[in-house]
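Chain nomenclature is as follows: A, B, C and D, assigned in order of appearance, with residue numbering initiated at 1 for each chain independently.
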Amino acid sequence: MPAAPADEGDAPMSKSRVEAFSDGVIAILITIMVLELRAPHGAGLAALRPLLPVFLSYLMSFVYLAIYWNNHHHLFQAVRHVHGSALWANAHLLFWLSLIPFTTSWMGENHFAGAPVALYGVVLLCAGIAYYILSQTLVAHHAKDSPLAIAVGRDEKGKISVVIYAVAIALSRFDARIALALYVLVAVMWLIPDPRIERTLAPPSPPTG
Amino acid sequence: MPAAPADEGDAPMSKSRVEAFSDGVIAILITIMVLELRAPHGAGLAALRPLLPVFLSYLMSFVYLAIYWNNHHHLFQAVRHVHGSALWANAHLLFWLSLIPFTTSWMGENHFAGAPVALYGVVLLCAGIAYYILSQTLVAHHAKDSPLAIAVGRDEKGKISVVIYAVAIALSRFDARIALALYVLVAVMWLIPDPRIERTLAPPSPPTG
Amino acid sequence: MPAAPADEGDAPMSKSRVEAFSDGVIAILITIMVLELRAPHGAGLAALRPLLPVFLSYLMSFVYLAIYWNNHHHLFQAVRHVHGSALWANAHLLFWLSLIPFTTSWMGENHFAGAPVALYGVVLLCAGIAYYILSQTLVAHHAKDSPLAIAVGRDEKGKISVVIYAVAIALSRFDARIALALYVLVAVMWLIPDPRIERTLAPPSPPTG
Amino acid sequence: MPAAPADEGDAPMSKSRVEAFSDGVIAILITIMVLELRAPHGAGLAALRPLLPVFLSYLMSFVYLAIYWNNHHHLFQAVRHVHGSALWANAHLLFWLSLIPFTTSWMGENHFAGAPVALYGVVLLCAGIAYYILSQTLVAHHAKDSPLAIAVGRDEKGKISVVIYAVAIALSRFDARIALALYVLVAVMWLIPDPRIERTLAPPSPPTG
């Protein structure tokens, strides 16, 4: 049986399903956090004030999950084929991301106390490491001059993020606000567009409608 | 390595994943609102009466989220390629939409009191502005005579909606029912099909089964 | 600009996104119902007994939502293009389906009392009518000899279901068990495969791996 | 009307929608379990200790659902066409998987007592049988030398898993820890990559970026 054409067609399907599953999980995670924003019993605007820390921690986690979705999207954009080990590296990443609603809720309800802020950082740290493992697992199955290998590169941003998380966790013992400021710093670092990756992936000619 | 054909294939994949993620988030938002419709303890139909305001606010938010999904669907139908800035403009829109279950719940449980009705409008206003930013970000990366640029056009409906939301928020201080009537008016305005957009996107020849 | 090829490519994308959104909503509905199956506090098997009516109503609604997903899948399998009115007919169907978790929960927690059983039937009745409207809206935009028009046909099964729901609602006032038996009857009627539709859609030649 | 090309295009669409629906359901199941990890009221790390059994049961169920998603992904990778009976076999599998959050929650909140651990195994057993029915239903509609039939093979791993579940359920009466150790054993057995299946599905030539 001439399997080659069928297998050629399989590779993108496989990849697209990993993307679809990851999209589903991240979409649910980003959305169920809003269930923690429980409607207050009072009808006045003053009744919203106690919700402010819960809202702010929701906002930070929304941004972090959106960053992860964006990076995941850019990463898989350059992926050509997926192997079994990458499926597990991806599930490992999703596991750590799945704990974000829990740490968000604990941090928000305890008004950014030290231990919840530290645990929030531990989950970010583990997610960062899991993302690094995922990208390296994918690169290992691609050629050294593939768009993926070039796009991932040395991933300095990812490594710096992990170091900042570790520093933030250590400092949260003394002042949780320093840790929070560092989490915001990492998020801002990722929000600023990275022209290098876009250039690697962008079509060489200017697009026409 | 000849990257051009691969990149050609990337563009729609990229777009389809933004659509899939947005579909996921909107599908979850439209569905988790129903969790607020908690089954009453009594078994008689009378036990349902206190749920009426919660049900009506659910109905309004269902229609609004369905309108956003429809418009998002029409918008991306005409999109040919997506850039990093559009991903963030899209995440920004999803953030405001993600607050709709919260404002719906607060409004329903407080029987359409002034402050919750005003906040409901603020979130609609921000979502409307976020949608405008998204569509302009997308148009900026397409040619001026592209189907997208023609379909978006001057987006008068979007601008009028934002103005009506602002008026409704201001009037909710005096009578929340006026604000609610204005929200219904905007929804009806979007429910009426817009022949202009369908015509721009429709295939030129009559379809055959 | 030669728009024809691009539009040719648009039509299935459009359809696939309606499918994806519907899949998302139905997947969430079928899943969040399980949240009503709250773990009992006792650790013995006896602690599960009070959950039996909740479990049985979950089972019935799972089957109904799976039937709707199956029928939706078969219906859109034959669809070639989607218009704005079909998007709204689809949203209308999803609205009624979205109320199933609520009626399931009310019915289960009240041990299949009359009023909750009747309301469960009302939602099924409205969903059945909404499905009929959706299929007719789709057929109206296809040729009379299209696979869709042939597959939908006169939809006698759909019409009979709606009549049985109406009878069940009327009889629930006297004995809720009769209504429940009729709901089970409709579900069984749909579970039995319909060779006519499969034949219309199946490839003419025997498939090979 | 020459239906053949259209039907050729239908088959993968059909398959991709079954995949999308299953992805959605599994993504939601894997995610809503985390809602059971409710943020404790205390802000110290000691407040997390009572959550440990809930966390461990979440971890086990996350791994099991990820295994099911992986296997489902590999299985459908080799599928060429889907029939009505496979849709129901798939819905049957999803039904048993949908009960995992409930049994996870009951097991975690009761600190791995005998009855909850046994019920957890019963649901795993039924899911294992449902997966076997699904794979056999799919194979029955493919040629004996199709990639699917070769990939599924005699499915010894699946049969052994079901036997181990049955033994674990029987032994949970005496010591729940033995049952838990057996559940972990099955999970580890599936986590170890199966070179046979990857080889059957992999493209014959080495991939290039």
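Basically, contacts are C-beta pairs under 8 Å (C-beta built on N, C-alpha and C of every residue); 3 or more make two chains touch, one makes a residue touch a chain.
Everything quoted here is computed from the prediction, not taken from an experiment.
Using only the C-alpha atoms, find the rotation that maps chain A onto chain D and quote its angle between 0 and 180 degrees, to the nearest 5.
Resulting rotation angle: about 90 degrees.
Over half of interface residue numbers shared between chain A and chain B means same, under half means different, so which is it?
Shared-number fraction below one half, so different.
From the C-alpha centre of chain B to that of chain C, how far is it in Å?
The mean C-alpha positions of chain B and chain C differ by 25 Å.
When the centre of a chain is set as the mean of its C-alpha atoms, what distance in Å lies between chain B and chain D?
Distance between chain centres, rounded to whole Å: 35 Å.
Could you list the positions in chain C whose residues touch two or more of the other chains?
Correct list: 1, 20, 24, 27-28, 32, 35, 80, 145-147, 209.
With touch defined as at the start, can you tell me which chain B residues reach chain C in the complex?
Its residues touching chain C are 12, 16, 19-20, 23-24, 26-28, 30-32, 34-35, 37-41, 43-45, 48, 59, 62, 66, 69-70, 73-74, 76-77, 80, 145-147, 191, 193, 198, 201-205, 207-209.
If we count contacts the way the header does, which residues on chain A are in touch with chain D in the complex?
1, 3-4, 6-8, 10-11, 13-14, 17-18, 20-21, 24-25, 27-29, 32, 35, 80-81, 83-85, 87-88, 91, 94-95, 98-99, 101-102, 105-106, 109-110, 113-116, 119, 141-143, 145-149
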